[in-house]
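Every chain is named by a letter (A, B, C and D) in the order it is written, and numbering of its residues begins at 1.
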């Protein structure tokens, strides 16, 4: 990574710990577990998620309000209405909110309501968006493109870093391959590589990689064992009723069980799952 | 392609012929051959290109002024200065200009100077950009993403079409694969498939696929033989001095020879290479 | 290809012309077109193929009698009975026969009846088989593995060459990729590369690459245009009744039309389709 | 896996435990850890391996004597001389020996000296070899092909099972992909899938997948966390002096440390690392 001036480690122990705004961190000893649905559908759905995951615990809630969809005729997300739901849920649960931003002109509104702004796989090399996020005072969760090399992934982060924002979290979410059995191939070797070459936190999304909920818990445990700094996992109060990616969402109960099962794995690799921390709300 | 309401053929002979503004068309009997450098470097370079390709003939000139680069530290293109060079060259050569637009806020300036706006591979699913290009009164050259399926490619075009712009030209430029011998794998089977399922013109960029200039002429001939509606090929007055993609650019002489060699292939599949047509300049 | 001592060109014009035993050659000006079914099913089927293709013309007939099948429970081919059909058809049509050999202990019987021995994709690096075929006095048609690099492909040929058999013909037949639209991705860039680095003939199998018969003719024309030395194409008297790969077989009428359409493409690249040549039968 | 009559689970808890001949098992609660060099080079090398790994512990020793090499001019292994070294080491260490068999006519000699016969990636669909191994009274370690789907992998096992040998162990070792950073992509999602659809044991080879030794320990821990039944890992007394795959071999000290680090991960998923068990030697 000779060209990664800011993302590259300067020494082997070099690690950046990113704070989500309330002492909830990623990249240190505490793992960051984020749960929630693919798409924000309603206030009732989201409050069920937040309440259902309290027992896990999770340290953040995800939910898409701007949705990148292959078809222009597919549901594109609730947009501003969804952002309001996220903001209200943030007050309700006291947890950081993570949501995707797809366009430069969405950044201001999203940054006002969310605690971490996600860049989706399709936009990993949308350099215009990356540059704009370099000027935002919120952490960015950058997902790996479906066919991005490790080097391209790091250099995409470098676009954000070099434009001023040092709070970048990388997310491996599966790469495209030839086997239809899984939706994508989760590349945990890339997670190991990224942890060795960059000081940035690296989390894993096993849900999009697997595309089948029954594969998610084992992959989540594997991700923590290889050294990932956290997980972002799709879960839904009624998975089969999800408006998108229904096949890969865990039930809330299964999500709680999964998080519990992570504790000994985390301990085995010198990590721990942090307790709930409340956001200091204005 | 059940979801492609506008891009799908309504009957087997359904074809859209896209006009570049001066009677130069793509999608009909006439093939569209576009040549030029990866990057606009100077007026002298571009005028050498236009003059050198006159003998081919080509029906359009390409040249990048906004450059998507893996590294934020790599040369990002001449920007507005490059657009001025393109506009001046347009008057000089009388040929349509093709150049890439990477961001919504570049569209207005680029559309004012160029005759066809290119969306690069990395932005094939930058839906924000696609929607904005749906409202532009210029043809759009949409390049296939490095790991995009045929269906995703068609649905990306559908974003542009459904937002109002019916002049979309698809471009196959190689997909990512495991063999380092070629930069990418030119997927001519996708070209055949696209010609069968959509009425939109489909052209081929053998230069980015091959990554090595010695592979380009044969692939260009193959593209015409499988039924592509045209080609976009990198060439440069001094290929090894190119600021980007030097390894894959043809010399202008080789480009002229290549175009000459296409005539019998075109004839064999019922096509022809059009003569130069002058733009009606204001 | 620094390690390819025998397969590599010693000078740019270096070409090997492989004779199938009756003056039918591949690698010179004459193209080699081989047609026939995936699987030999019966004498009646094969004689219909040979008679139906007489108008094409083709210079060889293919048909599998030992079939590599993903499942051990799928039909494994007629074996020796199929070889007898091939031998009888050889006398009937006077054309060279091409069939696959899957195991060392099949070589003797197959070599006694067939004129070219095919190594299938799955066996491209079955080095035991390659070494044994290096000691056979028949041409070998070596198909590229589904995920073999160009270098690995050439080195597999080198195994045969270095064990004594100089009559090796390479065959590109599609590589594995992520798009379910086509069965595999036909890598015509590899054909161009192979023609540049090795003196061995290179033919193309568009049928297995496409997996859909409607894509085959265009890909076949593309293959000749990029410089392939021939084609091997699946066709069947009643395609939908084929016991294997039914979806990709052409009808005999479509095969004849396809071969006719190749003439002007061949001429455009300095090649020609040879007339029928009769084997000198004992 | 509708066609997998013998490899498919008949009920969710269906598991086959394969015995290597001395009570050392794979597929039950005990994990199977196999270590050793890519290639058997000498008696001194192998005894250093066996002695150095005693502290781990490992439950088997690997070492190749018949080597599948891309080039026919590369070292092909010590052959029978290597088998003698393995047999002698088997007496010395009391541990089961695992080695690759590449051809039908090697089976008898290899089965006489080794405790588990490996089928390499290139031969995963060498059906002739699989059928012959179906008649052998030794466990078979079947490695996944570089571009084999999960279904093809299971069906390759089905060839062995349906020919009579029920002791088949599957091994995921990385699939081919586009990123040159790692040699292959370790597909732990496939391991999870295989454990869900087949009752056969599934182990993981992180060494060939990673191609870089510094990635191996984390991937090994990940493999155990996702539910793999064991590991096969390359290690060498002097890694950089290895005649093959030097870049990916661990030192013996690092291998011992790695095995120690697996204990808490194994415990977290209800598994354990078995102690050394001595073979009952004749």
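The definition used in the following text is that a residue touches a chain if its C-beta (ideal position, glycine included) is under 8 Å from a C-beta of that chain, and two chains touch if they have at least 3 such contacts.
Everything quoted here is computed from the prediction, not taken from an experiment.
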Farthest chain relative to subunit B (centres taken as mean CA coordinates): D
Chain centre separation (subunit C, subunit D; CA means) in Å: 36
Where subunit B and subunit D are represented by their mean Cα positions, the distance between them in whole Å: 49
Residues of subunit D touching at least two other chains: 147, 151, 176-178, 180
Chain-level touch network, classified as line, ring, star, complete or other: complete
Residue ranges of subunit B touching subunit D (in the complex, touch as defined): 176-178, 180
Interface residues, subunit B side, partner subunit C - complex: 147, 149-151, 174-175, 177-182, 185-190, 192-193, 195-196, 209-210, 214-215, 218-219, 221-227, 261, 264-265, 267-269
Subunit B-facing residues of subunit A, complex: 3, 5, 68-74, 102-105, 122-123, 125-129, 131, 145-147, 151-152, 155, 158-159, 162-163, 176
